[in-house]
Amino acid sequence: MDDLYREVIIDRYKNPLMRGTLDPHDYSYEDDNPLCGDRIRIDVRVDSENKITEAAYNGEGCAISQASADLLVESIVGKNLDEVKALTKEDILEMLGIELGPVRLKCALLSLKVLKASVYGLENVEEELT
Amino acid sequence: MASAISNTVLDIDRIRAEFPILHRETQLGAPIIYLDSAATSQKPRQVIDIMSRYYEQQNANIHRGIHRLAEEATQSFEEARNKIAHFINANSSKEVIFTRNTTEAINLVAYSWGRANLQAGDMLLLTEMEHHSNLVPWQMLAAEKDLHLEFIPVTDEGLLDWTAFEHFLLREPRLVAFTHMSNVLGTINPAAEMVSLAHQAGALVLIDGAQSAPHLKVDMQTIGADFYAFSAHKMCGPTGIGVLYGREKLLASMPPFLGGGDMIRRVHLRSFTPNELPHKFEAGTPAIAEAIGLGAAVDFLESVGLEKIHQHEQLIVSYALERLEEIPGVVVYGPRPEKKGGVVSFKLDGVHPHDVAQLLDTVGIAVRAGHHCAMPLHERFHLPATTRASFYLYTMEQEIDRLVEGLYKVKEIFS
Amino acid sequence: MASAISNTVLDIDRIRAEFPILHRETQLGAPIIYLDSAATSQKPRQVIDIMSRYYEQQNANIHRGIHRLAEEATQSFEEARNKIAHFINANSSKEVIFTRNTTEAINLVAYSWGRANLQAGDMLLLTEMEHHSNLVPWQMLAAEKDLHLEFIPVTDEGLLDWTAFEHFLLREPRLVAFTHMSNVLGTINPAAEMVSLAHQAGALVLIDGAQSAPHLKVDMQTIGADFYAFSAHKMCGPTGIGVLYGREKLLASMPPFLGGGDMIRRVHLRSFTPNELPHKFEAGTPAIAEAIGLGAAVDFLESVGLEKIHQHEQLIVSYALERLEEIPGVVVYGPRPEKKGGVVSFKLDGVHPHDVAQLLDTVGIAVRAGHHCAMPLHERFHLPATTRASFYLYTMEQEIDRLVEGLYKVKEIFS
Amino acid sequence: MDDLYREVIIDRYKNPLMRGTLDPHDYSYEDDNPLCGDRIRIDVRVDSENKITEAAYNGEGCAISQASADLLVESIVGKNLDEVKALTKEDILEMLGIELGPVRLKCALLSLKVLKASVYGLENVEEELT
């Protein structure tokens, strides 16, 4: 039973490192997954070269949605926005270290969807992340 | 193998032997524990086989054919309709309309009866415990026709608020539409009583029987509903077919819904004459094999006995409630066992239902997590989602034991 | 066993070996001669088996489930959709909506697109050779919305009257809806050309592909239709499922048709948000096993090759025309073989088609007699009914020979 | 092949005994079976005791519909109307001497339906004869 919810997921879920809000921020977006009620908001600050200097997430939902948000937000600090655009489903799954069926995939990818929507508009993310 | 409770009413091993999927070894080396029958039931061998046999020996298009295969297929198809009419004690097989599922059956009523009979300002009375299938069609109709929707509230215990119901009836709704049994709370609503009050108030009544027809003896003469909808796939039958029961006079008075082959008596370039019931509402080639499969499912359920199935599920659900409530942090929603069917929805403190379901899956237990197509009901209880275990005639108490063990493990992982 | 023509393109014995029903001995001690594939096709073993296997090993409700069975079922279901998208060369599987049959697919367009986009006085252009399924939905819509219906006439040869078509286009129809292949005359209409002219005239185009998708390679990119409808049961697949193809942008712009579970993103008591494509148009539990069965049918047809199937049918239909026309008193309707698919409708002087069909049945030959759901076309040819023999990839020339022998006997009896 | 279309059916179809119209008549009705285009009209004359003195049919369609009309009309002459009301599907099938599938049954029963509709109204026949 434990394999799937490897330490890291439970740990991040219970003791998140990146939870919070940034006010002011340069980018911010919030979305939810109505199927399960997962909700994620991500705030981002960038410097003049579009490099992410600070990031935080807030929200509620299942362990996978929250842990993936925590891991994702941690991973983007220091990256620039182009690198964020290049992030894929596979990157998230690698951070989580597990395989997921279609329903849980939506939980795992919600944070990436929110992040991308915040930095370059919702229209451009629907396709690949649903 | 099977123990005390499971065998009180049914010969559980014999029943389980009929369901091939219950014996399929999973990757975990043991058969699956399937506690998701409210979403869809498993299928007994005879239902699966009769459909294969149909395709191997009888397959033909029906109604218009003169050759032997077409006659055999037509006969099998119409016999299935007769079986279903008998199963729900309809007055005539003309009252049995085949649809794709419960959802289409309800939409048929909204489009055909609703658009022809309702006017701006008319009120429809629903309940807070409806499945989306018995909400959205009425919302769409209300938007088109400018109707009022009202909702009988659900009490904390998970029952309909009777005072509110009577109060709303004073406002003379044109239609009362409610679920016979909640797919989340398990609540069995007092259908016959509600129909009788609604009729006194001058309303027609549509009952969503998706969760009741599979589990209770439903008798159209006793219940008295004007429309009753259900799906084959939840009652040991195939996907792709459902039923709308409607009182003959009412159906006869309604305009057609879908247009096309079979639903007509005569067609010219610019006009047509509709066919008789039930064909008037069955446009195009119907789900022939599926109707025959549903006929076999009904035979199967009757051979076991609906009363016995209900009794068995009552024992299982009582046991499940007892065992679940002993787990610290578990909160179960819905009424006491006497007032409900074999559905238990619950939350486990500190763990999201999706995590519960997924962790249970890793030990071979299939439950469902989410809003179960009843978002408004979850809003009512301020829950984003619940975990649901649902039972059927093949559910054994050992499976409940395994569920409880599993939940203890989930707690441990999240502790 | 099989002879020259039948084996020119296909290995007919190997193909027939896949169809259990073609080997069933009838009371007459010989397998049936099934010449009624335009009504519904027979099913190969792999289609029948995949559905049984689904029920025995994978059965679960889809989309919302987290447990293994639900994930497997969802994957199989969506893979089937992908196969179908590929089969018709759609741009995306979002353009593939599952319906019950062709008829429901056309009604979906009439109810959703039609009611949202058409206004009193708008013109819809149909043809005189339409199946009732592509007439009645438009008649119903026309009555509701006060639209004009016009019809491209059919020439004596059984072709669409091209001058009239171009003439009607000048009147700027909003929609042109026509059958790709007539189920009575066999006429294959030049779909791509018609679409292109209709588009130039500013109309959308819906094609009834019930008779073409099973028999021709249909490519959405080449044909260019806005909507294309077909049924699984005519293309080696199960009953209970059909497809509406629609261009993604168009589908996305249309309001929902049926309301309920799965077609929503979010539901409150008084409002809902529709789901994304294709789910927006699939309310309630879909025909899951049937979608998987249709996926297997598409695999089967592609493994044989649609071009080869068409070539085979061309040979068979040419042979059939040649043989039938040598019988005194037989009149065949429809164009020459080059312009038609594997359907031959005819009359035999002095004998009603029902008598023809019934007498043929006594010698084990299944043909259809009646108006074949195309009453206006029969009125056009001043016929109450015709006898129809229709072919598929499993039809052999010997079967045509038996048909011809049978017709001679019928003549004798009535002489 | 011949068994089914026993001599009598083909014979009656080709050489009907009761074809014609009665003008004036006491009862008359016409109906058709849109599925196959069979059409039957039956005219009836009765005496003061409601006994049928003359009857004739007219129409077109398949051998079964026409032969059954011919046989039926022949059989009712001399009967009174109550006896006509008592006629059943089985009586027709017995006259024809064959078994029929559901589609052909409609052909065979069209004449009985028309007869009953003429003498006691259409509402009362739908039920049993379709």
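By letter and in written order, the chains are A, B, C and D; residue numbering begins at 1 in each of them.
We adopt the following convention: a residue touches a chain if its C-beta (ideal position, glycine included) is under 8 Å from a C-beta of that chain, and two chains touch if they have at least 3 such contacts.
None of the values given here were measured: they were computed from a predicted structure.
The minimum number of touch steps linking chain B to chain D comes to 1. Chain pair with the larger contact count among A-B and A-C is A-B, by C-beta pairs in contact. Averaging Cα coordinates per chain places chain A and chain B 38 Å apart.
If you average the CA atoms of chain A and of chain C, the two centres end up 47 Å from each other. If you average the CA atoms of chain B and of chain C, the two centres end up 31 Å from each other. Our note on geometry: chain A versus chain D, Cα centroid distance of 78 Å, whole angstroms. Looking at chain A, one finds that residues 34-35, 103-104 touch two or more other chains.
Counting partner chains per residue, chain B has residues 64-66, 68, 70, 266, 354, 358, 369-370, 375 touching two or more of them.
Listing the residues of chain A that touch chain C in their complex gives 34-35, 101-104, 126, 130. Chain contact summary for the complex, chain B toward chain A: residues 351-355, 358-359, 362-363, 369-371, 375, 378, 384-385, 406, 409-410, 413-414.
Against chain C, the residues of chain B that register as touching in their complex are 20-21, 24, 26, 32, 34, 36, 39-40, 42-43, 47-49, 51-52, 55-61, 64-70, 100-104, 106-107, 110-111, 128, 131-133, 135-137, 139-140, 142, 149, 151, 231, 233, 238-242, 256, 258-264, 266-272, 283-290, 354, 357-358, 360-361, 365-370, 372-373, 375-376, 379.
Chain D makes touch with chain C in their complex at residues 1-5, 10, 14, 34-38, 60-64, 103-104, 107.
Every residue of chain C that touches chain A in the complex is listed here, in rising order: 63-66, 68, 70-71, 74-75, 265-266, 273, 276.
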